[in-house]
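Two complexes come next, and they have one chain in common, chain A, joined by chain B in the first and chain C in the second.
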Partner chain A sequence: MDWQLVWDSFPLIWKGAQFTITLTAWSLLFGTAGALVLALMRLSSVKLLRWFAAGFGWLFRGIPLLILLFFAFFALPDLNVGPVDGVLLEPFQAAVLALSFWTAAYQAEVIRSGIIAVDPGQAEASEALGMTKAHYMRKIIIPQGLRIMVPPYIGNSMTLLKQTSLTTLVTVPEMTLLTQRLFSNDFQFQERIAALAILYLALTTVFVVAQQVMERSFRLKV
Partner chain B sequence: MREFDWSVIGRSGDLLMAGTRLTVGLFLAALVLATALGLILALMRLSPVRPLRWFAGTYIWIMRGIPVFVTLLFAFFVARDLPGFGWLTPIWAGVIGLGIDGAAYKAEIIRAGIMAVDHGQHEASEALGMTKAHYMRRIIIPQSIRVIVPTYMSNSILLLKATSVAVGIGLVELTGITRQLSNSTFRPIELFTAAAFIYLVLTTVLVLLQEFLERRFALKT
Partner chain C sequence: MAPLVEITGLHKSFGKVEVLKGVDCEIERGEVVAVIGPSGSGKTTMLRCVNLLERPSAGRIEVDGRVLCEEQPDGKMKFAPKDAIREAREHVGMVFQRFNLFPHMTALHNITEAPMAVKGASKQDAESRAHELLESVGLGHKADAYPLQLSGGQQQRVAIARALAMDPTLMLFDEVTSSVDPELAGEILLVMKRLAEQGMTMLVVTHEMGFAAEVADRALFIDHGLVVEQGKAADLLGNPQHQRTRAFLRAVLDRAPMEESDEPVRSPEEIKSQTERELLLQQQKVERIAKEDGG
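Our next item is the complex of A and B:
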């Protein structure tokens, strides 16, 4: 293995990191917002909302992300329902759309399990104090649930970052696509793929460290 | 205005089934490899020998830190050039890539299961004069299965879905065949919906199997 070539690959591949990182950031933003809504729907007293959220989770956790990506990129331009006549998305937009739906489905489970893990006595006490449900969810239950949600939330976010590599297949020029372009020109598979793996490892290790820091800062002080 | 034409699925039925067979085959072969390697890695991480612990820890850190797609690229483009790997066809590269990636997750699941067994069980086995190899096999691992089953199964569902990534190294499994069919028939909506439906059936079967196994291994009190 030619380590000089590995070293020289870093700046070339790193150009794709802006896509890897912005894809992760946007999908995490939209996905988390969707997940919060879905989690509250799952916990709602209205049966229809509960069913919708459960169906959404079953659907988007049961289908591979790659199928979602291909659907957003290849099938949406053909979609013809009512006033919609073809949704043509840029590769990056299609990727954010698919990744956001996928993130929402997984993070909804994290948020829901965090909320139900909070002692039901807290909700009862809040009600006894005359708080409305919207009020005590926001001020009492969700802040306590956060401590439980943080580790799996960050774990899922790290998975999301790794999954952005699949957007190569819908032609988003992120790190994996740039690497494939490099090694299809010079056939230096070992060095190029090693450089790519090292860059991913560096990015995901940031999440592992963030997870440890957050867990420490959220620990109960007794 | 385009009308849906669902008959394309009937006409593509044989090819979709062939793709599904390859998906299931990849999944089962990768699952066997991941479980066997995962068990070895878990035992290494729990070993008193430091280099073994260190090796397994590093392996798991690397494999969990890089995307499965990159592992597949490695298995496909790099491993086949290594001496003694002339037999590595694209399908085997897929199995090995998915298997060595999955092993890191299985290892952590198995390790957590083994550690969840009450420590008194180790002490009692030793007090009865059993060797470590003997009581791990007969006492500890059987008890850890109950803890392992739920996470093992949900991780296996992820592995099933990860087989779709093999399209990135040119395997024509369910996702690959669907993409090809969609390019040749210009019916992406119908075909990707059909593929999504097949994946949902497969993952739902695994969910039902998980519920069955959890009941089967539940403590009878």
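Our next item is the complex of A and C:
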């Protein structure tokens, strides 16, 4: 393997890495916000909200991400349901849309399981003190649930980052697509793919470190 | 004056299991009532109904002039609106068997959270009151400790201080010494004894017969979801009338298997002197610890 060529690949792929990073960041932001809402809906006492959230999870965890991407990019423009007209999205927009729905569905389960894993005695003590549910969810339950949520949340986030490589197929010029272009020109498969793998590893390492920092800061003082 | 707590015809079923089968109980202001009974008798469920942590299947509960629930003429239960229940809970302190302190907050923060969030107390007022309360339960030096850094006895004393910070008119105690090591129970009982002496109205579910005999004004023996016997605590414990009560007390005091027997249990004097001895030992120990920590 020509390590010099691996090294020289980085600047060529870097422009794509910026897409990978921004795709991940936006999808994680929208997805997590949606996940929080979905998780609270699943735990709500209103049946309709519970059903909606459960249905959302069933749908978007049950369909392959690639098909969600295809739908957002290729099918959405032709969509014609009642008053809703088709929407033509840029590749990047379509990718963020599909990835956000996918992330919301998975992270909602993480948040929900984190919340229900907190000792029910915590909610009882809060209620016995006269706190409102909104207050104790925010100050007592969710802060304790965070500790439980961190590992699976980070795990899903790393999967999200890696899955952005699928957006190649809806023509987002992220780093997998750029690498493909490189090696289909010069046939330097080993070096180009090694460089790509190293970049993915570097990016996922950020999550690994973040997980350690978060776990440390949420650890209970004993 | 009307009693502080009026419970009438209280029923509670969990699925098909009927845990309470019609409990009546009144508690006067300033009264300390001990509830005793075998495991599974329904005593904890009864206590939890008083602040509606458990929703009764039937019956009426009134606390300090607020009707929390009652049966409609058609037999359906009517509960006070959610916000009225929440408001009523502000005035009823509860201490749990397993403490239920907030593990991510210091002892001080555990105590200040509710007064600040619920009563709108300023941080400064809430903290100075919390320091006073911690002092009064012998933990003035533990304000910055986290719950998991404290012993069971200390955690439970913080939990009592947390409940008191809301200035309740009624305190509910749910087997508060059952999950601490036996040698630490005394420090909790001592705090409760002082609270009773200050005139707090208390409903205490307990297995500490000595404490019940010494501190409670009245005792209720509950078995199979019904009040079997009630009366002055010292009488009920020293000279129980009902066979079930006798069998239960024998089982608790002598750690004997529970069987019905006509043997007299123990005189109130005997029980009382046993408690006093224990409490005195604990008091000395607590003061010694306080001195060591303070010095």
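The rule is simple: the second predicted complex is superposed on the first by the 222 of 222 C-alpha atoms of A that agree within 3 Å, B and C clash if a C-alpha of one lies under 4 Å from a C-alpha of the other, contacts with A are read in each partner's own complex, and residues count from 1 in each chain.
In this section, contacts are C-beta pairs under 8 Å (C-beta built on N, C-alpha and C of every residue); 3 or more make two chains touch, one makes a residue touch a chain.
For clarity, every value in this text was computed on a predicted model and none was experimentally measured.
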Chain B versus chain C as contact partner of A:G82, first or second or both or neither: neither
Contacts of A:K162 with chain B and chain C, given as first, second, both or neither: first
A:T176 touches, of chain B and chain C: first, second, both or neither? first
Touched partner set for A:I140, first chain B, second chain C, both or neither: second
Most chain A residues touched (candidates chain B, chain C): B
Chain B versus chain C as contact partner of A:L196, first or second or both or neither: first
Which of chain B and chain C A:E124 touches, first, second, both or neither: second
Which of chain B and chain C A:P64 touches, first, second, both or neither: first
Partner chain(s) touched by A:F74 [first = chain B, second = chain C, both, neither]: first
Of chain A, residues touching chain B in the complex: 58-59, 61-67, 70-71, 74-75, 78-80, 85, 162-163, 165-166, 168-169, 176, 179-180, 183, 189-190, 193, 196-197, 200-201, 204-205, 208
Chain C partner contacts - residues on chain A that touch it in the complex: 119, 121-122, 124-132, 135, 139-140, 143-144, 220-222
For the chain B and chain A complex, residues of the former touching the latter: 1-2, 61-62, 64-70, 73-74, 77-78, 81, 161-165, 167-168, 175, 178-179, 182, 186, 188-189, 192-193, 195-196, 199-200, 203-204
Contact set on chain C toward chain A in their complex: 51, 53, 86-87, 89-90, 92-94, 96, 98, 100-104, 113-114, 117-118, 146, 148-149, 162-163, 166
